[in-house]
Structure formats: C-alpha cells, structure tokens
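Sharing a structure, written as structure tokens. Questions coming.
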Amino acid sequence: MAAPIENQTLAMIGLGNMGIPMARNLLSSGATLTAYNRSEAPAQALAEAGARIGRTPADAITAGGIAISMLSNDAALEAVTLGPQGILAGLGQGGLHISMSTVSPATSQRLAALHAETGAQFVAAPVFGRPEAAAARKLWICLSGMGTARARARPVLEMLGQGVYDFGDDPGAANVVKLSGNFMILAAIEAMSEALALGEKNGVDRHAMIDFFTQANFSCPVYKSYGPILASQTYDPAGFKLELGMKDIRLGREIVETSAVPMPLADLLHARLLSAIAKGRGQLDWAAIEHATAEDAGLK
Amino acid sequence: MAAPIENQTLAMIGLGNMGIPMARNLLSSGATLTAYNRSEAPAQALAEAGARIGRTPADAITAGGIAISMLSNDAALEAVTLGPQGILAGLGQGGLHISMSTVSPATSQRLAALHAETGAQFVAAPVFGRPEAAAARKLWICLSGMGTARARARPVLEMLGQGVYDFGDDPGAANVVKLSGNFMILAAIEAMSEALALGEKNGVDRHAMIDFFTQANFSCPVYKSYGPILASQTYDPAGFKLELGMKDIRLGREIVETSAVPMPLADLLHARLLSAIAKGRGQLDWAAIEHATAEDAGLK
Amino acid sequence: MAAPIENQTLAMIGLGNMGIPMARNLLSSGATLTAYNRSEAPAQALAEAGARIGRTPADAITAGGIAISMLSNDAALEAVTLGPQGILAGLGQGGLHISMSTVSPATSQRLAALHAETGAQFVAAPVFGRPEAAAARKLWICLSGMGTARARARPVLEMLGQGVYDFGDDPGAANVVKLSGNFMILAAIEAMSEALALGEKNGVDRHAMIDFFTQANFSCPVYKSYGPILASQTYDPAGFKLELGMKDIRLGREIVETSAVPMPLADLLHARLLSAIAKGRGQLDWAAIEHATAEDAGLK
Amino acid sequence: MAAPIENQTLAMIGLGNMGIPMARNLLSSGATLTAYNRSEAPAQALAEAGARIGRTPADAITAGGIAISMLSNDAALEAVTLGPQGILAGLGQGGLHISMSTVSPATSQRLAALHAETGAQFVAAPVFGRPEAAAARKLWICLSGMGTARARARPVLEMLGQGVYDFGDDPGAANVVKLSGNFMILAAIEAMSEALALGEKNGVDRHAMIDFFTQANFSCPVYKSYGPILASQTYDPAGFKLELGMKDIRLGREIVETSAVPMPLADLLHARLLSAIAKGRGQLDWAAIEHATAEDAGLK
C-alpha cells in the first residue's frame, strides 16, 4: 500500500506554463514539493509558494521517491533525465519517474528501459488540456507503463486532472494516444475551417454555424474551444503555438513511418502546418492553419 | 398570431424511416395530421395511429395550411412538390412548405421562388439526427427562409427536435449548414479511423482509445455514436447507408464547385466513399470508409 | 472503297482557334470545303481562302457527306448537331460526323446513337495539340466509333495530324483517352511545380532544373512545352486557359464518378484549379496552378 | 590542365549493380582502375576484368587521386568515407571524391566540408538511369560542388553517362535535383496508374492507352519505361525496388521539412509507398504503387 500522497515528497522537474500550475496543485493538495527548472525565475515563484528548489534535477529528488517531469520536447526530457545530475541518478533504486511531456513513444520505451536498469520505474502520463485546464485540475491524463508503477503514479495524477485513463504496460502507449489525440484535434480544426469557408462563400454567418454545431452534435471541448477561434479568425495570442503543434505532428509522423500506417488526413494537416511556417505564422495559434483554407477560397 | 399548433392541420409528405417517427410526434402533440407517401405500407401504419391519408400530395394538404416534406433526395422532393397534384398545388395562397429533406441549396432557392409565385411560402429545415433521434424528438434542426415563414414554421419544428437554429432569409442557407455538417461528421469518422489504425499498429486497444477520447475532449454525440462503431469495425446493419452519404457529399461538391471553395479534406472523404462503392460497400454504414484506412495499413 | 479525299466535299463546323487552322489544312490538301461558324468573322477569313460558308450547319453539309466538328464544349456540340438546321439533319442517311471536340464520353455515346437512328455515323476524334500544332498538322488524334466509320474518317484525320490512334468501337473511348491525357498533362505540371519550388528553396536554379530534365528522362513534348513556362512563371498570355482546363477536368470527374475510380491526384489538381479560379486566375494559362505551390512555400 | 583520363588511376568504391557496370566502363575507357567493395564476390569479378582490388577504401585509393563512390545510402557512404581506412584518409591533400550515390544534400554538404579540411575536394554527382543504362554509358549525371572540382570530375563522368549537367558550387544541389527527379518519376507513375484505371473501367485497353501517350506527347524515357510495366501490371522482378524508392522519398521529405515546401503530391506518393510496404510489397518494383489505385477502384 502506497503512503498517503500528503506524506510523500514529490519532485517537479520542468516549470513551464504547464508545470507551474501543476506544481501549485500538488502543493495545495498537501504534498511536500521540491522542484527544478533550467531557468531560475519560474522556480523563484514556486519557492514563494512553499516548494524547495533543487540546483539540479538529482538535487531536487528524494532517492526512492517520485519525480514528475513536464518538458517541451524529447531532447529536453532526455537532458534532465540522463547524466550524473539527472532524474535517473536522483531517483535510484525504487524511485518512480512520471513523464508527462509530449514525446515519442520510442523515447518513453528507451527511458523506461534505462530506469529499469537502475531499479527505478518510468511511466508515461501525457495530458490533454491547456494551462488553464492544468490550473483547474481539469487535465485528461493518459497513463501507461509497468503495472505496479501505474498504481503508484495514479494518486499523484489524480491531484492533477479530472480523469486518468489506463493504456497498459507499454510505456509508449500513452504517448501514442497523446499524439493521436493531437492529430484528431487538428483534424477537427481543418474540418471546421473548410466548413466555415464553404458557409461564408454561400452567405452563412461563421459564428451562427459554430454556435449551432457546438450546441448540437459537436458539443464537446475541442469544438467548443476552437470553433469560436475559427469563426472569428483570431490566432494571436496563441493558446498553443503552431510551431509546437508542428513538433507534435512530426512526432506522430515518426510512428506513422515506423509502423507503416498511411494517414492521408495527417499528411494534409502537416502540409497546412508547413505552409503556415513557410509564411511566418509559427508563433500564432495552430488553428491558424485556417488561413490556408480561406486564402485558397479567395477569401483574403 | 399563428393559431395554436394543436388546432392546425398539418400534412406530412414522405413517410420513410425519418418521416414516420416525425409524423407520430406531431400526432402525439395534438396536431391533426394528414399524410402522403408514394408507397402505401408506411401510410397504412400511420393511418392506424390517427392520420388521414391522402391519395396525392395535394389531396393530403389543406389549402393555405402547412405541409412538411421529408424525402430522400432533390428529385423526390421536386416530384412531390411540382405538378398538378403536388404540394405547391395543394398549398395555394397562404400555404407554408417546410422542407426537411437534405437537398442542395439551389433546389431550395428554386422551390422557394416557385412557391412565392403562387403566394405560398417555403422554408428549408434539414435535420441532424438518426431515426431514433427523430422518435425521441432529439433532432437538431437548421432553419432558413423568409422571416415570416420561419416564424410560422418554428412551433411545428419545436415539436420535432430539441433545438431549432435560425440561419436567416436565404432558403438555401440551412441546406449549406446541413451539408457542411455531414462533411464534418465524415471528417470525424476519417480522423478516428486513422487514429485507431495508428493506435492498433502500435499496440493500443481500439476501444480503450475511443473510451478515452469520448469521455475527454471529444465527448459529443458525433464521436460518441461513431467511435464505438469504428472501434469494433461493425458497419452492418447501417445506421446511415454509405450510398446515401455519398449523395450528400455529392451535393456538397456541387456548392464547392459553384462557390469555388477548395476543400481537400472533403476530396479525401469523397475518394473514400467512392472506393467503398467500387468495392461493393454501398449498403454498409458510411463509417465503413474506415475499411480503407485499415487496408492501407495492412491490417486486413 | 472510299473516294480519294481530294474529290470529297468536307464540312467544317466550328471555326475557333483550332478549327481555323484545321480547315486551312483541309483546303490545302485539295479538299472541297464548306464551313459554318456561329459568329461570322472567322468564316469570312476562311471564305477568302476558298471555302463556301453555310448559313446553318445543315446548309454547310452535303447530304451523305462528311462533317467535322470542333466546338468548345458539350453544349456547343449538341447545339450545332441537333435541331432542324443541325449537323444531323444535314448529314442524313450515309453521312459521317467526325467529332473532334473535347466532350464527355456520354455525349459521344448519346450522339452516336442519335446518328445511327437516321442512318448516319458518328466517330469521336479528339486531339492533343495546341493551335500551332493544328496549323503544322502535328496533332495527335484519338479515334473511336463503329469500325466502318473509323475507316472512312481516317484519311480525313491524316490530313490534320501526325498520328491517328485507334481506340475501338465505343464512341466514348477516344474521349476517355483525351480526358485522361489532359489529367496526365496537368499532373506533370503539378509535379514540376512542386519540384521547382523544392529546388528554388534549396538554391537550385529553376531553368537549370528544367533544362536538365527535359534533355534527360523527361524529354517529351509535355515537359518541354510546360517546363520553361513553369521555370519562368509566365502564364499570360495563355496557351490553354485555366478555365477551359477546369472544364476538361470537370468532364473527367464525371466519369470518375460514374465509373467509381478514386483518383486522389486528380482531386489535388481539381483543388488547384478551383483555388486559381477563386483567386481570379481563370484567364491565365492553366500552368498557373503553379502559383499555389509557390505561395504555399512562402515564395511569393 | 588535367592529365588525360587514360593516364590516371581511378578508384571505384562500391560495386553494387550500378558500380560494377560503371567500373567496367572506366576500365574499357583505358583508365587504370582500383576498386573496393565491402563484400568480396563483386570485387573478384572486377579483378578478372583488370582492376586492382583494395583491402580497404584507403588502400584502393592513390593519394591525391580520384575516388568514385556509388553506395546504397547515406550511412554506407559515410562508413566508407570516414574513419582511418576511409576514402577521406586515402585521398589526402589534392584528392577528389566524386560521390554518385543518392544521398541527402545535407550529407554532401557535411562531407564536402570534411574533405576541405584535409585539402581534398568533394563533388556530388548522382545519376538517373538503371543498371542497363549504366552499362550502356547512358546515365544522366547531375554535378555540383566547388568549381575546380567539377572541372576535374567532368571528364571522368563523361565516360559514364550521356550527359553531365552542372548545378553550381553547392555540393548539395545535385542531390536536390536527384531527389526531385525521383519524385517526378513516381508522380508520373501515379498519374499513369490513375489514368489507366479510369480507362480500364471505361473499356479502354491499357496497352493501347500507353502506346498512344508514349508515341505522342509523353514520348520520353520515364513514360516509355514505366508505361508498359503499368499497362501489364508486372512488378516482379523489380527494376528499382519499392523499399529503395521509399528511402529516396524519405530523403526528399527531409528537405521538404527543412526548407518548408509543402508538396501534397509528394505526400500522396509517400502514402502509396507506405501502404505498399504495409502490404508486403517492398521487394517489388516501385511502380507497384499502382496496385493501390487498382484496388481502390475495385479492379482487384
């Protein structure tokens, strides 16, 4: 039986716009929290909220304890995990690494194997939800990795989101689901973009169309959050930057390739993102792929 | 001020698997109902429920009253509307035709003009929802046409669905929304199909993936109804036949062409449907476009 | 045995930028030529070259003789063929109609049947080649229709082109080949467009790339004629107007639909044309679909 | 002034099905040839024809001389080039490496820089043409790299092909052209595949269609070589294996990504190849992507 979470020391590695609200939620749930971030400013804010700040990932981690990482990409995750001052060194025998970044399944599988070599455990627990959802403990979390590790990770994750979904023993599985989900979100954006352009050129008001669908058969978060953005064509400031979305779609393309799954819709989305980058739109919200549809229809 | 609906005589033209439950709902709401159907069997069932059956559309309609049509395509709608025994002849001056079929906006515009010539009114009111939804008064209804006609149609439509959404004076507008919505539904089917194939080839359970998304950020009717069908890959019996779906996508392609709106995702969906038809799958549910994704990935 | 062609009277129906040089070649081959055109100016020019000008198609045609038609589309072909003063009326029993327009196979099949009813014959003989090629007798001609009619048409066609290729008894077959060929030409344009954009963004000179391919493994008329146009991105004046190309691709899409042949590359090309039309480029050469590739790559 | 080629010692590194006929041509042109291959059997055959065989790349190369490499991919090229017994070590100051493999432009640029550091030169000289073309000195060769190196390489390359085309100083430029050309070839294969399926389902003979186009406006090597293969749908034995074609398209996708050039036609071709691999067709000729078109049309 795991100790009650409030008696454990948890280490949060990575204090970006997702890591910070997650760390605050852990603190407010009563956990003793240590933290590490490459740059100091975010750590300072968290220190004021009661967290101890480590000088290195290893320094922030209690041997045999739990480290939670939330980094921007595979390279950053590997950088904080490996090496003499990394998460792996800090965890040691009996430790658990809950990796919540959006990374490739291959990275999770490789890191899980490296953890196993040292007697530590690794689970992948990527999330759906923007920073506001993280702050409101409204994340949806996909979890995969060895069974005992998943059981140990679950109470921690339940402090961070509104649902934890189990995808089995393969540490890469949760990442596959995350990448698939991002693909499905962007597919919904493209579908709405094309429908709105068709409507607009046929005299239908963009907002009326979105209001209808998001109250009727598309009444779910993805359509409700992106629909109004697409109706108003406002992509700045970005909720999720297009160039980060491209990173995720590229990770998806790697598994498309290794597992030989032709995905013509994913190819279309990738081409949309690539064109947006070629046109200098990488800093906009990734829903800005809509510009291409409007332009192709002569609407701009 | 319109008379209370329960004091009006309504005519239901077209008693297919949508028209029948809709007619029953009108009856049970207290309306006096007459009905017409090309073949007799469905009419007989409705007669037993209390409707008077007309020998022709015109015969079923009270002059100056309200006719509701629900037919399978543009040609069928035109056939029951025009001619000496058609809806238009039966309605006469002051009548209202509520056209609920999925037809092209051009057909609605043409029919609206013809109705105006005789002093009758025409509104388009296509619906989203399958026969079960029709029976449960859970349809979502898009409404467009001249303002006074929309106002007169609304209380009738409210007996048939859970929401009536207004798209203005252009009688074709509601059809544009309907065709756009069918495109968005099929786009969602394609997105799930590709995501599921990617998951499956990477060891993720199809049902687990759908369970997750339909509880999380895709928790809306379209995903909840099609997700499990796609997870289990069961397309027979059809909820909505693929060849009917093709009809709707073709109607959509007409307005794509006349309004010059390139829709690459719609092209992909059309190719999926066309291939399914080439392979003899026209009688399956239109979600059977998923077969192509699985086959392309070598999963069959 | 057919009479030597120089002893026959031939009627040329349609004196556009293809029909005029073809008519001149018939005259200079020694044929007695009559001609008809809807507008008078082109006919006048031909009259000066020795042709008799008819007031109607029927008036231009010798009963039992040969009429050659070259019109801009299906509707124009049907307009000059049917009716009391049409080609069919003029030809009568024993006449032959050589239809060289780019029309749908269904139109050829329908017209062939109508000709057969009056004892006349109909062959489809669409061509590849621009007006300069027509003037130089360098057209490539696809021929199909009933065997005896083909044999009678061949010596006439040999005065007009550099090769006559036989596609059998189905009068629609030659049209299928023509539409397929136009698709292949536009596919080559798209392929070069994408390759040139890739080259340009990687520092390779557009003209050097085209020079190479058109001297090496792509040393054929399609690449040699369109390659330099694409390298220099000069689409005005048009050799073949984009909006006419769209007409042909639309005819192709009809048979895609009726014969259920998914053609994703054709869909891409159609979307390119449609976007060009939406952007007001219908009067440019159809190679101007290249603009889309350059724009998507941020090159404009 | 370079020494006459017949007085030079040339080293051929890589004796696959392209390297062998190229080496034989160098020998028969009077060059003194040394050679190296990872496996011994091919080297033995060449030894009998008069070449000296080296135990390592460096051993086969004369210091300051010319090495020609023809390997299967980037990794193989790097393996024979770098390291203490590699090409670079063997060439030393004043040597020239003519790299004829199909590799990424980035690999050529990196290797060129490494050669420059040791006072040697590197040019990229990838080729178009199959082994038969290599044997017949009918290759088309793209050349790029520093000007003096290109001038020195040219007479060697002229012994190997029917044309050497100059793409300037960037050592990666020739590779960009090669990858673009492979894309254009596969695009032609796809275009023919779709046209043939459309023809076949409309009753047009596949061979008749190819005969026509390859005599008319598509009378060039790519269409003449692949057209009959596609008409007869015979992909075994492979002239160019599908899985090797996939390698080249993947190299192309890398520069698509780094240079941000959306290429929807290339995406389609990649999906075709990927599906063929998923279906176990990697050992067939890459024209076997045609199967997908036929299958999608219900022709199999």
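A, B, C and D are the chain letters, set down in written order, and residue numbers restart from 1 in every chain.
The criterion applied here is as follows: contacts are C-beta pairs under 8 Å (C-beta built on N, C-alpha and C of every residue); 3 or more make two chains touch, one makes a residue touch a chain.
Computed from a predicted structure; not experimentally measured.
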Distance-maximising chain from subunit C - centres being C-alpha averages: A
Subunit B and subunit C, separation of their C-alpha mean positions in angstrom: 42
Shared-contact residues (touching 2 or more other chains) in subunit B: 256, 260-264, 268, 271, 275, 278, 296-298
Topology of the chain contact graph, where touching chains are joined (line, ring, star, complete, other): complete
Residue numbers on subunit B that touch subunit C, as the complex places them: 250, 256-257, 260-264, 267-268, 270-272, 274-275, 277-278
Contact set on subunit B toward subunit D in their complex: 264, 271, 275, 278-280, 292, 295-298
Of subunit C, residues touching subunit D in the complex: 105, 128-129, 140, 142, 163, 165-168, 170, 172-173, 176-177, 179-181, 183-185, 187-188, 190-192, 194-195, 197-199, 201-205, 208-209, 211-213, 215-223, 252, 255-256, 259-266, 268, 293, 296-298
